[in-house]
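Common to both upcoming complexes is chain A, partnered first by chain B, then by chain C.
Let's turn to the complex of A and B:
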């Protein structure tokens, strides 16, 4: 599984050249800064700095770009916790409990939790990658549309668990999101729901819609608040409390492991990646937690689950890119472009011929994750000061940053218009007790579910027996059924224990 | 049921349900008008029907029975709702005008109005902050993103 000669050679490569390491901290800082800016995606951050790597050697270039990738992966979580703005779609589930924690004055702990879970998740995913890069890549090659549909349907189960106080309202919010997610041209070429607007052909722009539903709607409803945190004493920024968040993360190794495993597997599936893995990990953790009912109101386990999964997706995406030469998303496509700029082609032949370079990239990612701990700590400390800004300055500033961020996605007014429409919809939904998070999840999953169901339908010709030919999909569906069964069983046990406790008292 | 009970109607919630229901229905009709083939309706039609059924399921929640002796819930001050409406209107104006009047002018205008709505009474602070933040955004985002912002003054 592990080629020791190649490991030795990789360590020699990394230790013989000091220049490779010079780019790690700048890369992490660039990633953190860009990741925390709404509308600036990881891909955009990496694309901006891609031309610079033309003048570097291959290994320093890749280390620089992967440092940006690692930094931006966590950077998106900072506005998710502090302002309910998921900087990237992979930080959506972080907002569910991170933002309520911040509003309760636990922003230090929430940021500490997010940072620690990200670092541990990232480290663990690269350990897994080191040993599993070959088997994972062979699994990825076997994933067809039915398997992808099964994964997406598993993600949809989260809609039920996000329903809040009223299940029908939660489901309606989710179904509305799913339908809005299918607007535009589907994979069979049919155009629906665009109302003649050309930019809707590609579907509703997801990032501005998410920013509108989650952040702008909340900010508008806070127009009469003085500060993000009412209690003045709770607004302090404290290293001690950030560290207590760190320590708290270590108390939940199972959640981190589950998140890492989900992150690596889902992250390695091209086109799915971290935007689904964080939701799936959150949903599974909520289902298995004895205090599942408190998820969404500031439960630290929710932050750990989301962050460990989205950071470990990076390892999974790298596995697919290195082993198969397939970019799972925009960021790995940029990395492949950097490979090409240095006349190197990723894929099976690259792994076979340059195992030492692959191991060197993996080892440098260990170092990046550890350095993220230090650099990220300073970053979250400074970012935490946002809770001390009066709302009369914060609301207009964040709204206008969100508008600029939504414009930055494709340089047209489509982003700002989407943001405004979804801000108003989100405000109304929050006002009448609808969980906007379910709409966001639906929006992310809508086209994925429809596209894969459609491909499955086309391949199978509508014959349900096709599923029997796909053991992978059956396994995923069985795991899903097992997970639901276990949840029902543990919920029944919990209710019985509560009844017994009531009788005894 | 007591004869003196009364029904309280949540008109805002009904309006939201009407918007959601009509959006789903319009989307379903549009999809069916495009094509009745399975490749088009495989997911959209069942999801839309489920959505419409859920609207009907939620609708009774807009009507709440309260007993006559129960005190009426405290109404939200109109000034709060006016502020929310004002902020939304300013945001709509920003999104629609930024390409026409320039990002600098539209952003500055939005910040002045929004700061005032959010409670900043000092005009010097308001105008100074709005000008400084507009410049920071224009030059900051301008340096990062690959698209040019249409500008009028800066």
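Let's turn to the complex of A and C:
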């Protein structure tokens, strides 16, 4: 488990150069800023600053880049809470309860919750990583398409709980999202539904579509409101209330633990990562909470669930990268490139040969997570002033930022066009009582579900007995069934208890 | 706020300014020798991939010789089709360079995606990285020789699941091997992955029985796989498995995986030979600089200098093989 000699030399490595630590705060700030800008991904932020690290020593370079990674992981949650725009796809579930909280004047608490849950999730994931890096990495490669399908289907259970008042409408919206998610070239090389537009070959650009559905549709329907928060007295920005969000987070250790666990596991699977883990954690928390019905209307537990999972995915992705040399996503690919610049090649031999470097990276991330608490607090405090901006300035500014952000993704008009199309779709859906969130989740999961089901069919040759060769997949499906069963059972017990209470009174 | 400038004057000033802004660079351009402003490098893939890393690692050294800053522009998507189209839309004035996996993506764009361009629209200056297909299996699979694989597939083409990327050079190479051994294509159990990374992970984790993927990317996973067949005439990266020429004879046909490197508009070569000569010299000098070779090798990036003649000939050759197997590439 823990190699104490390596821990010792890791600490020596970290304390050998004080200047290395100077890069943490700029890194966090860069990450927070880029993460909060919708459309600018963590990968993009890190790619921009990668060439700078060429001129640094190894340790400062890695500390700088991982600080950007950590900062950007949280940065995305700020616009999610304040404007219903997930800055990154990993903050989608944060919008579900964070934004309603902000509209009720609880923006301070919501941001405090998000920050504290992120910091704790990040810390906990690196603690897990410290002990589990080797076992986790041996599991990751065994994840076949059937296992991935099971994870994706688990994520889809969320569709049912996002449906609001009308289940058929919710499912319809979810199916629409799933179908939209299959547009483009599928994994077997067939092209569907692109209408001859080459920009759709890789599918609908998710981030602009998400911004359109969630944010623009919201803002259009807020045209008549004067401020984001109706009550003037609630528009205050207060450290005290942000801190009360911190305290509230600490009251739900189970939610954080569950979120962290889901985050580490899902985050370590290459190609899935934090954009799925926050949805899974949210959906599990909602189904297990006694007040599950109030999720989506500003329940603080929803924010905690989403944030603890998306920030702990960072630790999972780092585990895969360090142990196997496989980038789970764009951000870890950049980190691997930075490693390579300093003659360090990731992979199984890396952990064996350079345990001290691995521990040093993990320990420096502890420090980053703690500093994020401080830097993030200042960032959140300033960002909170958005609620004081009158809507007649806020709506156009946010729309302009959204258009620029969607353009920045690949520098073509396909982003802004997608944004506009999905804004109109989102507005119409809200107008006629269809839940846009279900469509977003469907869109995020569509290609994952389809690609993995297709690959399962290809591998098995259509033989259902293949499932018996994959105990991992059976285990995931059994866990899912158990979780649903438990929910149903506890819901029944609760109803019975309520009935009993009614009779007694 | 009050000013003495009337609206009309303001408009006139503004339009004059705009006109000046438009006119100025062209005047400068006419006077200054190439290059007098920053140069863009188009990478038709997202950040973090091989071409992106190559462009970003090479650029600082290249810009010292060119004398102007180089900006990397990522235009990923649709198997490089979008990026290649964007590159050709830029003026052929030497201010836009291309860093791409010319083979197999340019031929694939043309043959399978109805691209609006031709192979002759591109001119490759140097393609230093020639990735090769590696047929590999997981250490746990028990397969140790390509002969075992061929024997099993001959007995039952569906006996092994095979991981590849759709519409790839690797798929062409698989079919060349199958055809040469009389194994029917239809019965194969082919599993398609969205990228080289996922396909390699599936091989290493024994999710598929065998896989055909670009060999360089397998290096970090070397402990977890058994290499069985290298699609090249010589051993690469010390894998030590069989070569395609051992199995299919010295004249064995095969396609290189990715041929990556630097290109310009073909029209630049004809229309502005001076500019072209400058770019050519700068890339050649940079590629041969020992300092550059050391820096790039440490990042597992190639700098070998083949030159335009050999690079374009090799690209044309693999385009020809890809065309022969066209039916395979239109939807797996």
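What we mean here is this: the second predicted complex is superposed on the first by the 505 of 505 C-alpha atoms of A that agree within 3 Å, B and C clash if a C-alpha of one lies under 4 Å from a C-alpha of the other, contacts with A are read in each partner's own complex, and residues count from 1 in each chain.
Simple rule for what comes next: a residue touches a chain if its C-beta (ideal position, glycine included) is under 8 Å from a C-beta of that chain, and two chains touch if they have at least 3 such contacts.
On a predicted model such as this, the values are computed, not experimentally measured, just so you know.
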Of the partners chain B and chain C, which touch A:453 in the superposed model: first, second, both, neither?
first
Based on the superposed arrangement, let me know which partner A:411 touches: chain B (first), chain C (second), both, or neither?
both
Just to be sure I read the superposition right, which of the two partners does A:429 touch: chain B = first, chain C = second, or both, or neither?
first
Is A:183 touching the first partner chain B, the second partner chain C, both, or neither of them?
first
Please work out whether A:168 is in contact with chain B alone, chain C alone, both, or neither, and reply first, second, both or neither.
first
Is A:143 contacted by the first partner chain B, the second partner chain C, both or neither?
second
Just to be sure I read the superposition right, which of the two partners does A:236 touch: chain B = first, chain C = second, or both, or neither?
neither
Identify which of chain B and chain C touches the larger number of residues of chain A.
B
Given the touch rule stated above, what does A:333 touch, chain B (first), chain C (second), both, or neither?
second
Would you check which partner chain A:400 touches, where first means chain B only, second means chain C only, and both and neither mean what they say?
first
Chain A residues contacting chain B in one complex and chain C in the other 44, 188, 190, 410-411, 454, 458
For chain A, which residues count as touching chain B in their complex?
34, 37, 40, 44, 48, 166, 168-169, 171-172, 175-176, 178-179, 182-183, 186, 188, 190-193, 216, 220-221, 223-224, 391-393, 395-397, 399-401, 403-405, 407-408, 410-411, 413, 416-417, 419-420, 423-425, 427-429, 431-432, 434, 449-450, 453-454, 457-458, 462
Which chain A residues qualify as touching chain C in the complex?
43-44, 47, 50-51, 54, 140-145, 185, 187-190, 198-199, 201-202, 270-271, 324-327, 330, 333-334, 337, 340-341, 343, 345-349, 410-412, 451, 454-455, 458-459, 461
Sites on chain C touched by chain A in the complex:
46-49, 52-53, 56-57, 60, 73-79, 81-82, 85-86, 113, 158, 161, 166-167, 189-194, 197-198, 201-202, 204-208, 219-224, 298-300, 329-332
Which part of chain B faces chain A closely enough to touch in the complex?
10, 12-13, 16, 19-20, 23-24, 26-27, 30-31, 34-35, 37-40, 42-44, 47-48, 50-51, 54-55, 57-58, 61, 80, 83-84, 87-88, 91-92, 94-96, 98-99, 103, 107, 110-111, 114-115, 117-120, 129, 133, 137, 141, 144-149
